[in-house]
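Each remark here refers to the structure printed beneath this line.
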Amino acid sequence: MKYDKLKIGVYICHCGMNIAPKVDVEAVVEFAKELDHVAIAREYKFMCSNPGQELIKNDIKELGLNRVVVASCSPRMHEPTFRKACEKAGINPHYFQMANIREHSSWVTKDSKEATAKAKDLVAAAVARVAYHRPLHSREMAVKKSILVIGGGIAGMQSAISAADSGYKVYLVEREPSIGGHMAKFDKTFPTLDCAACIMTPKMVTVGQHENIELLTYSEVVSLEGFVGNFKAKILKKPRYVDEDKCTGCGVCMEKCPIKKIPSEFNERLSNRTAIYSPFPQAVPKTPVIDPERCRVLAKNKRCGACEKFCDAGAIDFEQKPMYLDIEVGAVIVSTGFKTIDPTSLVNYGYGRYPEVYTSLEFERLNNATGPTSGKILMKSGKPPEKVAIIHCVGSRDVRYRKYCSRVCCMYSIKFAHLVREKTGAEVWEFYIDIRSPGKLYEEFYSRVQEEGVHFVRGRVAEVTDIPDNQEDFGRLTVVAENTLTRQPKRIPVDMVILSVGLEPADGSEDVARLVGVSTDGDGWLTELHAKLAPVATPTGGIFLAGCCQGPKDIPDTVAQAMAAAGEAASLLSKGTVSTRTEISYIDPDLCAGCQTCLNVCAYSAIQFDAGRGVSVVNEVLCQGCGSCSAACPSGAASVKHFTDKQVMEEMEAILN
Amino acid sequence: MDEKKLQNIFYNTSYGKKILKCIQCGTCSASCPLTGLMEHGPRELFALIRDGDMELALRSETPWYCVSCYQCVVRCPQEIPVIDLMYCLKRMSREYDMVPVSHKIPDLYRAFSQAVDHHGRISEAMVMANYGILHPVDAFKNISMALELLKRKRLEFFPRQIIGRRWVAQLPAGEKVRKNT
Amino acid sequence: MSDEFEPKIIALVCNWCTCTAADLAGTLRLAYPANIRMIRLMCTGMIDSKYVLKAFLDGADGVFIGGCHPGDCHYINGNLKAKKRISGISKIVEQFGFDPERLRLRWIGASEGPEFQQNMTEFVESIKALGPTPVRDCMIL
Amino acid sequence: MKYGFFPGCSYNSAAGYRQSVDAINRLMGIDLVEIPDWNCCGATAFFSLDEFKALALTARLFALAQASGFREIVTVCNACYTTLRKANQILSSNPETVSRINEELSKESLLMEGDFSVRHYLDVLYNDVPAEKWSENLTERLKDYEVACYYGCQFTRPWGDIDHMEQPTILDRFIERLGFLPVDHSARTICCGASHAISYAKECGLLISRIIREVRAKGGRVITTICPLCQFNLDSGQKGIRNPIPVPFFTQLAGLALGINASELGLDKLLVPINRILSRKL
């Protein structure tokens, strides 16, 4: 259907020397002039430059062009540029079509004649298509002025603080009883050996007290609906069995609880906690939770109530039920972090088999002043080790487990080596494949620890065994590796082995990804929109990523990303409105037979069935324009605007004729 | 033959190109039970091959020390079939006449395969006898063992000959097998 | 021009993966035969059976469909829906008298410029081996 | 229970392996039908020297099994087990090689087609013979007789499908089922160097002593093996050691548990005598 008389302008770009010498631009111009409805065809050195755009604008105004074709580079690069030029000159931006004769022709074709012929075909196709373009308009919608942050590690806390500081209401949802994440478990952080608690605790307190932050710990997001600017989230608050408003955090209940032998998750099961517990002394909020699986009253229906009896504040409430909270937000920041790889299946490292083999997180707790040994590095026997081995790349850089480099374990291993030397004077062997220390002051830190006399052995450990080479080492562990720099097989007897386990996505992060409509990569990390140019945005508008949920990273990078995500979210909110997509599906009610095939194929649940009229209807806010419905619709009722059958088939026909 | 060509030949064997993924971590060499005897170890062999030092790789004794225990294969983080590459190097060094002369295992294998070629089966004693001609000291060391076995009626010299021995003997030597990998 | 048969091939490619890979092949200057004519769609999931049939009936010697690897679809799973649909179309194409080898579906990720080049080269070669589409004779008549 | 059986070259002269297997078969109603005119599997030597021959030798075994109506082949030796499985894997995924080899096999009017299942006798005893059948037949109480199970390197490798590649337990579980007390130790799969023991006796001796020391440290009174090569190497390699540890086959231990007498099991053929311990314990 062509309405007014078509006047198409065609512009062939030289792209300096990128198109012109290979494609005979002049010939293409002459060819274009002969195509139907072409009012003018021109060539120019750089179409995307200001003078190039002016050319188009002038022609639209002076010649009354109502369609524009530019044959140049990839639409990924400059489609927005030229659409904007059209719009400025007064025609609908969708009256524009681009032919990619650079990436798809001049750069990939050896023969100049062939490249020219291909360019002609592509121009003909674009001209044929643009004739059927329709004007499309988007709508502006108001944005909710609040932000949901999922995950309260250092990433989530920082995002929340930055966003809240800029004046927006923030809901911070953390599934554990306290915020803090992994960093709360550390004592010192590389490379500067800052005390983790000293830099972290103030942030935790800020989060707990910020007037713009509503902290929802022991909570999970169970559903998220809506679209950029207008999300509706449902939050489940798990019952703590302690009233947060009444509890003063005195801790008496924990002292009185008779169930004391529950392995503490926070201490990596190296010490015990009670049934009513707060994971660690600096927890925020301080309100404890009752473990319903272990509490005598809740789990076994037996008498106890010691906590209740001794709580002066009367905060214990066995009747608490799960609560659901509905909130509306304009943007979501996901910061669900990571977990460490469980080394049990790497049996050759003996984790779980030999008591003196620790994971790095266990070591962090051993080394922590609030940990099971009050910060003394001790073996299970209570004695300090004399020889310690640290094994890099456990589960990382291993195609059978995680093929990638986990990025932080080299540095934390070096940190461990330093701490062991400092606290125990033990001899330390680090077995590494490569030392990866790209960061400010990282190499300096490595160098310093080398000077402290740590043995760095370049070789991945083959096994940790309790079979000693010499009888006097009986009872010790032997670490077997090749020093690949000297080609010497090494069998080193040690007292303690630390496994520098890699990072993998947190449990449940796939569920969170599905919830917010973001895809995950092959390894399970949430995928950003663009690794370099949009590292905290996602393909789903209004959803941002911060910290390790996007991939392994250290604290400096995590914090930088957290601030970036908060900035992006705030900039979205401060704009006040969002515009709807234009290239979305439309179901023609006159053609729709009501078969509902489309409902089943739409991955975004963007189609509803209008039983009254007996037809399906697209929700234009939810529709992403994927076209699954249009391809599936047996009546040809559904079609994606700007990708209609007519448009695609005209393009094809022009190529084949 | 020049080393570049040999390198290409190696890469074009069934698993040859897999060594390109080797990250030189040394897990294979460290896992190997006979690493102490090996001058290079599997890891260094792969580095040599990638550097094009094919003479060193093919004349190396390392592959001949391999006892096919699979420990390296089990642990290699890049899933490199080290053992198959060892087989490949041994076969190549035979084909290009670079078998290390000082090594005893080629002789042992030859003794073994001769026995199979003649009888279709082997007996340890027969292999020992064939091998002992070249390495009398090793054989001699084992004489007292042989006596002990004899005492326990555990020594058979001639393996039972099988009908198929002629078929075995006539099999073409050195035919190339290309595997889908 | 030589008399060698130069097929015309329509490639229906997903904007996010294969089209990006094609751009990358360009950026990397990876040459491949000029017989490919690409049509950019938002997702392989939007490829209607009639596009493929139309291409063949209009004289295409081959139709290549390129989408994201399973799991990487920008629209969650459009590529998987496409895969199902294409296997159906393939049978129809055959009933129409075209060698089903003329229709090929491949996953080529956005970063796989070299794979794109390789796929194009291989597909053109295999179409050359098959010879011109039977439609051509009809068209000359 | 009837299986095609490939004894392998070392079976006959192995210390009482055949006697004990035969005795168990009689008692448990297992029928191992020896593949007629079987040849040597070629072991690692042939893969090292001549791949085509290596595959042809094993293909002949498959063809012979096929001709006698068996697609399942039971072995009693780790080396044979792994060699046959490896060859089967290569052959079943390389039809061109198979047809080339069938050309050769046709000279003997043989043909091999398709996939074969290669199994170890231990697998049969553990998985095919029902657990109750063992407990019904047990006659001896051996509860505190500490046994160290030695699997050797090749049994679980490289596939790890029968059991874990580095920490297998199937033999421990079997031994436990027989009423013995398996000891936990760390030398289950470390290589004993059998194939190089003659040529490089010193270094291989180190490997053996590592295994022996570990078993001793963990309180094992005997080491049981499932492979004639391991058995011979560990048994003969303890020469001159004080208090050597006997190395019976797992089938010999099974026989003892079933009440079969020691000489019927060929236990007198072990180099490190087991009698001393036996007479004290039993």
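Residue numbering begins at 1 within each chain, and the chains themselves are lettered A, B, C and D in the order written.
Convention: a contact is a pair of C-beta atoms (placed from the backbone, for glycine too) under 8 Å apart; a residue touches a chain by one contact, two chains touch by 3 or more.
Fair warning: this is a prediction, and the values are worked out from it, not measured in the lab.
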item	value
Result of counting contacting C-beta pairs for A-C and A-B, higher pair	A-C
Whole-Å gap between the CA centroids of subunit A and subunit B	50
Subunit A and subunit C: spacing of chain centres that average the CA atoms, whole Å	33
Chain centre separation (subunit C, subunit D; CA means) in Å	55
Where subunit B and subunit D are represented by their mean Cα positions, the distance between them in whole Å	22
Multi-chain contact sites of subunit D, meaning residues that touch two or more partners	166, 190
Residues of subunit B whose C-beta touches two or more other chains	36, 71
Subunit C residues counted as touching two or more neighbouring chains	none
Touching chain combinations (by label order)	A-B, A-C, A-D, B-D
Residue ranges of subunit D touching subunit B (in the complex, touch as defined)	9-10, 12-15, 37-40, 42-53, 55-57, 60, 82, 90, 93-94, 96-97, 100, 104, 107-108, 153-154, 157-158, 160, 165-166, 189-191, 193-196, 198-201, 203, 206-207, 236, 239, 268-269, 271
Residue ranges of subunit B in contact with subunit A within the complex	23-27, 29-31, 35-36, 39-41, 43-44, 71, 75, 77-79
Residue numbers on subunit B that touch subunit D, as the complex places them	33-34, 36-37, 63-65, 67-71, 73-74, 81, 83, 86-87, 90-91, 94, 104-105, 108-110, 112-113, 115-116, 120-124, 128, 131, 135, 138, 141-142, 145, 148-149, 152-156, 159, 162-165, 167-168, 170-180
Residue numbers on subunit A that touch subunit D, as the complex places them	347-348, 465-467, 474
Sites on subunit A touched by subunit B in the complex	348, 393, 397-400, 433, 458-463, 480-484, 487, 489-490
